[in-house]
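Two complexes, one shared chain (subunit A), two partners (subunit B, subunit C).
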Partner chain A sequence: MGLINKVKLNFSSMFKKIFNKKKARIGIYGPPNAGKTTLANRIIRDWTGDAMGAVSSVPHETRRARRREGVTIESNGSKVTLDIVDTPGLATKVDFHEFMAHGLEEDESKRRAKEATEGIIEAVKWLDDLDGVILVMDSTEDPFTQVNVTVIGNMEARSLPLLIAANKVDLPESSPARIRTAFPQHPLVPISALDGQNIDSLYEKIAQHFG
Partner chain B sequence: MDMISEDKMNRMTPMEKVRMILDGVKNGKILVLEKGLTPNEEAKLIEMTMTEITPDDFAGIEIESYPTKNNQKLLDKIFRKPVIKTRLTVIGPANQLKTLRKDKDLISAIVSSQ
Partner chain C sequence: MPHKCTRCEKIFKDGDIAILDGCPNCGWNKFLFVHDESEEGDDAKSPDKQPGKKGLKEIDEFLSDQEPGTEEITKTEDEPEQDRIESLRINEPGSYELNLEALLERKEIIMAMKEDGKYVVHLPSVFDAKKKKKK
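Our next item is the complex of A and B:
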C-alpha cells in the first residue's frame, strides 16, 4: 500500500472519530466452552429481548457463525450500534472421541466433529471482515492458549480494537488477574456471562471501545 | 524432530510454509520454527488443518508459540503500520505433543511416540 493510501486511511479513521460514526461489526471469539454464545445471548437479550443460540457443556455446540445486526448498546453517555457475529469456538484440533466422552454415539460424534471443523474454518474467515473483536477467555483456564495468541496477533496485525471478556468469574477458581498479566496491552473486563456479574461494565467498555 | 531456520522460512511463501508444516506433522514430525509464523499464517494453518482432519487418522495439530511482539517505531505509529515480531514456535501432531504449561517466557510440553 502506497504512502498516499496510508495517509488517506489515517484521515478516514480521523474523520470517523470526529464525526462519530458509531456502527461496527464485532466478532465474539474464543476457544470452545469459553462462554461465547452465553455472552452473545446475554447481550442480545439485554438490548433486543431475543436470543442468539443454544448453549451446552459439550464443546463445539456452536458450529455455524450466527449474526445479529443493529444491536444498539448505550452506556454512560456513549452509544454504539453493532452487528454481532457469534463465532464457533476456535481450536487447532478436533477429535471425535471427545464428543463420545460426553455420551454421544460414534456416528453422531464423527458428524459433529466434521461440522466443528467447518465451523472453525468459518470463524477464521470472519476475521477478515470485522471491525473489532470481543475475545472471551475462560478465567479458570491458562490464558496462553494458541487460540488466544492467534486471535490477539491477528487483531494487532490489522490494528483493530480488541476487548477481552474474562468470563466465568462466578467460579471460585477464576483468576482474571492472570489474564490481565498475560495480555496487559488490551482492555479487560471480568464478567460472568452466565449470571450477569459485572455485565454493565462490559457494556460501558463496548460503547467506549467500539464507538 | 525438524528444526527449521529463520532463513529457510524467509524464503517460503505463506502457503509453502503451511504445506510444509502439515506434511511434516502428518508424518509424525515435531517441527521447531526458529522464527515462527505471522498471525495471518497461523490463521491459515488452522484453516488448512481443519480441512485435513479425518476420524481415526489425523485429529489436528498442537501449536505453541510465544505471543508476538509489536516493534513499532515512531514512523510506523504515525502511519499505523503494525510491525509484528514473530517468535519461536513448536508444532506437532495433536496426539503426540501436549502442552503442560505455558507463560510468556516458558513453554513446557511433553512429546510421546505414536
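Our next item is the complex of A and C:
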C-alpha cells in the first residue's frame, strides 16, 4: 500500500471518529403482506415522527420502492444514520385475480398487477445500491419458500449484511423459532411491527449490525 | 395399497395381518405394494379420473373459460425456473410470472410472451448491464 493511500485511510478513519457518523442505506425486503411497510412506518415514526406509506391487508399495497433519508437510530451507545428503502413484496407470481378476490374491479386489478410486477423488478434492482437488508418474514407462515430461499441465497452471494425480522409475534400461531431453524446463519429478532413488541431489540441489532 | 407375495404372487388386502408371520400360502416373507386392480379397472373406464389427467382436465376447463390463446400457460407449469431464460413472463394482461433468480442474478431483463418461444429483450437494461461491466 502506498504512502498516499495510508494517509488517506488514516484521514478517513479520523474523520469518522471526529464526526462519529455512520451511514448505511438499508432495504426492507420480504414477501407480500409480511409487514414491511408496517415496520418501516414504525421505525420512521419512532425516530422521526413521520410515516412511510399506507398499509393494507390486500397484497402488493406497496408497489413502488419508497426511500426515507437520514433516520438516526441510537441504541446502547451505538448510533447509525440510515437511508431506509421500503420495497414492494417479492413474489414469483402476480395475478390480477388475486386483487379481484379482494373486491377490486377487473381494470383496477389489472393495473395493480402491472404496477406490482414493475415494483418487484424495481425492488430487486435496488439491491445494487444497498449496504444491508432487513428481511421481514411472517412468523405465522412456513419460512421455506422459494422467495425466501432465493433472496437469502442471493444476498449471501452479494455479501450483503442481513438481519431477519420475524414479524407478527403478536399472533398466537407465530413461530419465530421455525425461521431461526430455517436460516440459522443470520441474526434474527422476533418482533411485532404492529404493536411494537420487542422493537427495541431490533433497534439494538440494527445499530450493532449496520453501524 | 394391497400387498403381493414376491414368490407365489398371492395378493393380500391392505393391512392384512396374515402376512405378519409370512405368506400363509408359501411361507415367504417378502411382499410388494401393488395397485388395486379393481380401482384401476374403474379408472380405465373413466379416463378423467386417472391420476395426472384429473389436473389437466381442470386446467382445460379453466382455460376454456378464459380468453382464447391462453393454452400455452399450462406448458410453463412443468418447466423448472432455472431452465427459463426470461426474467418475466406475461401470461395475459394482469397475470405475470417472475423469475426471481434471473432478476437477482442478471442485469438484463428478458420478457417472454404467453406463446412459447416468443421473447422480448428489454434493451435499456441490457445496455446498462454492459456499461456497468466495462467500468
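In this text, the second predicted complex is superposed on the first by the 190 of 211 C-alpha atoms of A that agree within 3 Å, B and C clash if a C-alpha of one lies under 4 Å from a C-alpha of the other, contacts with A are read in each partner's own complex, and residues count from 1 in each chain.
By our rule, contacts are C-beta pairs under 8 Å (C-beta built on N, C-alpha and C of every residue); 3 or more make two chains touch, one makes a residue touch a chain.
Since the model is a prediction, treat every value here as computed from it, not as a measurement.
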Joint occupancy of subunit A by subunit B and subunit C, clash or fit: clash
Touched partner set for A:Asn167, first subunit B, second subunit C, both or neither: neither
Which of subunit B and subunit C A:Ser192 touches, first, second, both or neither: neither
First, second, both or neither for A:Asn41, with subunit B first and subunit C second: neither
Contacts of A:Phe183 with subunit B and subunit C, given as first, second, both or neither: first
Subunit B versus subunit C as contact partner of A:Asp142, first or second or both or neither: first
When both partners are placed on the shared chain, which of subunit B and subunit C touches more of subunit A: B
Partner chain in contact with A:Thr92 - subunit B first, subunit C second, else both or neither: both
Which superposed partner A:Ser159 touches (first subunit B, second subunit C, both, neither): first
On subunit A, positions contacted by subunit B and by subunit C: 90-96, 110, 113, 117, 120-121, 124, 127, 146, 150, 154
Contact set on subunit A toward subunit C in their complex: 90-97, 106, 109-110, 113-114, 117, 120-121, 124, 127, 146-147, 150-151, 154
Contact footprint of subunit A on subunit C as seen in their complex: 81, 87-88, 93-101, 103-105, 109
Contact set on subunit B toward subunit A in their complex: 38-40, 42-43, 46-47, 49-51, 53, 55, 59-68, 70, 79-82, 84, 94-95, 101-104
Touch list for subunit A against partner subunit B, complex: 3, 6-7, 9-10, 13, 90-96, 110, 113, 117-118, 120-121, 124-125, 127, 142, 144-146, 149-150, 152-154, 156-159, 182-183, 185
